[in-house]
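In the two complexes that follow, chain A is the common piece, with chain B as its partner first and chain C second.
On to the complex of A and B.
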């Protein structure tokens, strides 16, 4: 088991942290190139969606790992569809320009 | 001047980072998969010392009221009301060496000795069911020859555990009592009882000692006399007796079955693995307590009891009673096997808990749906009154018939209801999250969502499938562990029998 290994376990989590950080750096540049400006609120929604996606994938594969393949697949399909719909709605939302605040 | 096709550092960061998102997602999948596979999340078998990572904080869920629903005059359980006691008596009569004492079904209930005569007169269906069980046992022995090659490793594994229970050469531990409890429970005590700073100190120490002997959960309660059998006392014989005064407190301890085998009930699992370990823990705790000057008496499986342990475990705050008649604990679910020590030590009792298991059982009914004997009640709420206490009805006689039916070498249990219980899940992050959230949710929405997922996402064989062919398909709840699969290790191209 990779994650139970004394050496590989901690290295895995460090590497995963770095990769996730790199993802957000890349995402920031991607949004910038698309001409999107994200407020802290929109960033929170994006981060929340990404976290939920990761948790959903991890949960589904946890079930698959414990020999509940059908439960894992159904879980991923059920919540995955919800996440895709939510992701599309989020993309539509963040593409909308931020309204200037009237002072 | 840089070529416009060259990858700039910015683009590298952008596309590399986005690609990293996919890798990160794969990493989450891998972490989840390994968490699911991890054997240290098999309940009760965690790598941490004494399973600290598995303990559920009971404090917020302690109650000051009785965890039992009392609906009338309560009383102790009679000897013959225990299925193993009455069946053993009946079996001995059916196989008596002295023909004049032998009883056959043709003789009728009238010729049975008391107290089983009265019992079967009032419960004729129980006698019919026992007759059916004996017939099934004959078929089971024949059927075993057909499936022996497939299940011989599981049978050997079960036999190895059972050998610690039924030592034929004095190897049985702990010893069976000889003489009255006033003699036996105090035997070997050589000095005054060790003075503890307080009952709390005594309780804490006893729990630590029990953990060191291998217990997963330990609780302490005052002994409610209603949980003490009437009619037979080990070491004395069949007799009416008062509850001994020195049985003041009960130390109740629990362990789970080996997880992978339990999940492949009824055929790969065995009751004996947990039973033998409970006897080992109980025997050692008994010796420890007497060595520090207090009386002790272990009540351990399979039949060395004067006490019904499940209600005692509920009083001690280990869990709640499930629809399947088993104590369900937050840590181990229905995969909880229990034993107890009665003692005169002054201890600080634990409080019973309410974590919503009963409410969940009201709605769930998965154990009733999948029970191959149809023994478990489908009632929406507990409605059966047993000796003044309301609970769900479980037809023990029907349950035993299936023990005599499934593809094992002899009747050694079914335990499908332990395995299919939604509380009997691994101690990994998703199930622990559910375990922690459900009792804290006053709306019941978490339980409803969890139950909906259990019923729609998870796979359960039909009850009938657990039975042998042609009625069923020898199904097990999950696939057997590879270390018990004969086909993984053995070459049967020889004349092995």
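On to the complex of A and C.
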């Protein structure tokens, strides 16, 4: 098993960390390319959505791996659709320009 | 002119086709009581005698018993119930015959051993039936079965034992609660907007459907489904006492169709419409109508009605996805349909209502008929 291996296990998690980092760097460039400026609040919403998506996929595939394929599929479908809708709503929200603060 | 004639001809033929299916289904699905009871008569050298039209006395080599055939109106139409009693009038078994109840609701009855509650109760004594409790989440079906047993008990006592009539009264408890209050409140919001012109209609409509989504949808699971409408068109009215919210929604929709030629249910009270509205407003979904697809709900509704009428089975063709979202009970196909609908709602405004919903199509057809009869 890959994750239980002394060498491959830590390498796998390091690779996953690099992918996560690459995702956020790519996302930052994507927003810049689209001309979007994100406040800390909007960034935390995006990060929250991404974290939830990761947990959902991990949990669903854990269930499938534990021979609970029906539960895993339902879990992924139920929360996955919720996350898709949430993602679309989040995209609509972050596309709106930030109102300037009156000082 | 030619196109108008073709449209009218198609509509006329569709209506005639539905009437034909209804009549064929009505006459083909009639079965005699003896045919119904035959599968439950087991034993060697069996002889049976009809005591009344619904009560049969069975004698075989080992034992003698009574079979009572009875029925009541459930959620999806008539539920046939067969009761097996010994000669002393003690119930041995209560068996479900033909029915069109939603499988998930019926599974609740089976899992909670509802039918077993009747076993060993004396059919001669009405006091014992108070101990039979309805199953929450399947109240209509469980109450219908109990009422069917009570009707059979009444017939047995009057016809076989020559007892006084009226001892076994079916349970009729009017349920007026928050679901009914919500239905009335939605109606009041509609009237408020119609009477006071200054009230912002769009906002109020969004508010009404949101309330409907939360209360009528997720809390009470009260929506007008195709199977109920088909059941009603087939002559099986769901019991008023436990379906007040449903009748309030349906009644007010029909009255408003007659009065204002407007679809109150779909626009103001449908909880699933509320769910799609919520998604659309969150994601700024495209509100443009794809006119090339508007024939889909017409065709699907016609097919669903025709097949359901033909087989006298409201549940057979019910593809409405409300219970999948609000009660999490449905078959795999319905869940997949729900998933596709929810994902499409991100891009299109109310895709289910516009391109698939049979309930909306029935109401819109009624409005179209009304407009054709009384154009002004």
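Keep this in mind: the second predicted complex is superposed on the first by the 103 of 103 C-alpha atoms of A that agree within 3 Å, B and C clash if a C-alpha of one lies under 4 Å from a C-alpha of the other, contacts with A are read in each partner's own complex, and residues count from 1 in each chain.
Keep this in mind: a residue touches a chain if its C-beta (ideal position, glycine included) is under 8 Å from a C-beta of that chain, and two chains touch if they have at least 3 such contacts.
Here the structure is a predicted model, which means the values were calculated and not measured.
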| item | value |
| --- | --- |
| Combined model on chain A where chain B meets chain C, clash or fit | fit |
| A:45 touches, of chain B and chain C: first, second, both or neither? | neither |
| More chain A residues in contact - chain B or chain C | B |
| Contacts of A:36 with chain B and chain C, given as first, second, both or neither | neither |
| Partner chain(s) touched by A:26 [first = chain B, second = chain C, both, neither] | first |
| Touching partner for A:88 - first (chain B), second (chain C), both, neither | second |
| Which superposed partner A:16 touches (first chain B, second chain C, both, neither) | first |
| Minimal inter-chain CA distance - chain C and chain B, angstrom | 6 |
| Set of chain A residues, in rising order, touched by both chain B and chain C | 74 |
| Complex interface listing, chain C residues touching chain A | 279, 282-284, 335, 339, 342-343, 345-346 |
| Touching residues (chain side chain B, partner chain A) in the complex | 10, 13-21, 23-25, 27-38, 40, 263, 426, 428-430, 453, 456-459, 478-479 |
| Touch list for chain A against partner chain B, complex | 1-4, 12, 15-16, 19-20, 22-27, 29-30, 33, 50, 53-55, 57-68, 70-71, 74-75, 78 |
| Chain C contact footprint on chain A (complex, rising order) | 74, 77, 81, 84-85, 88-89, 91-92 |
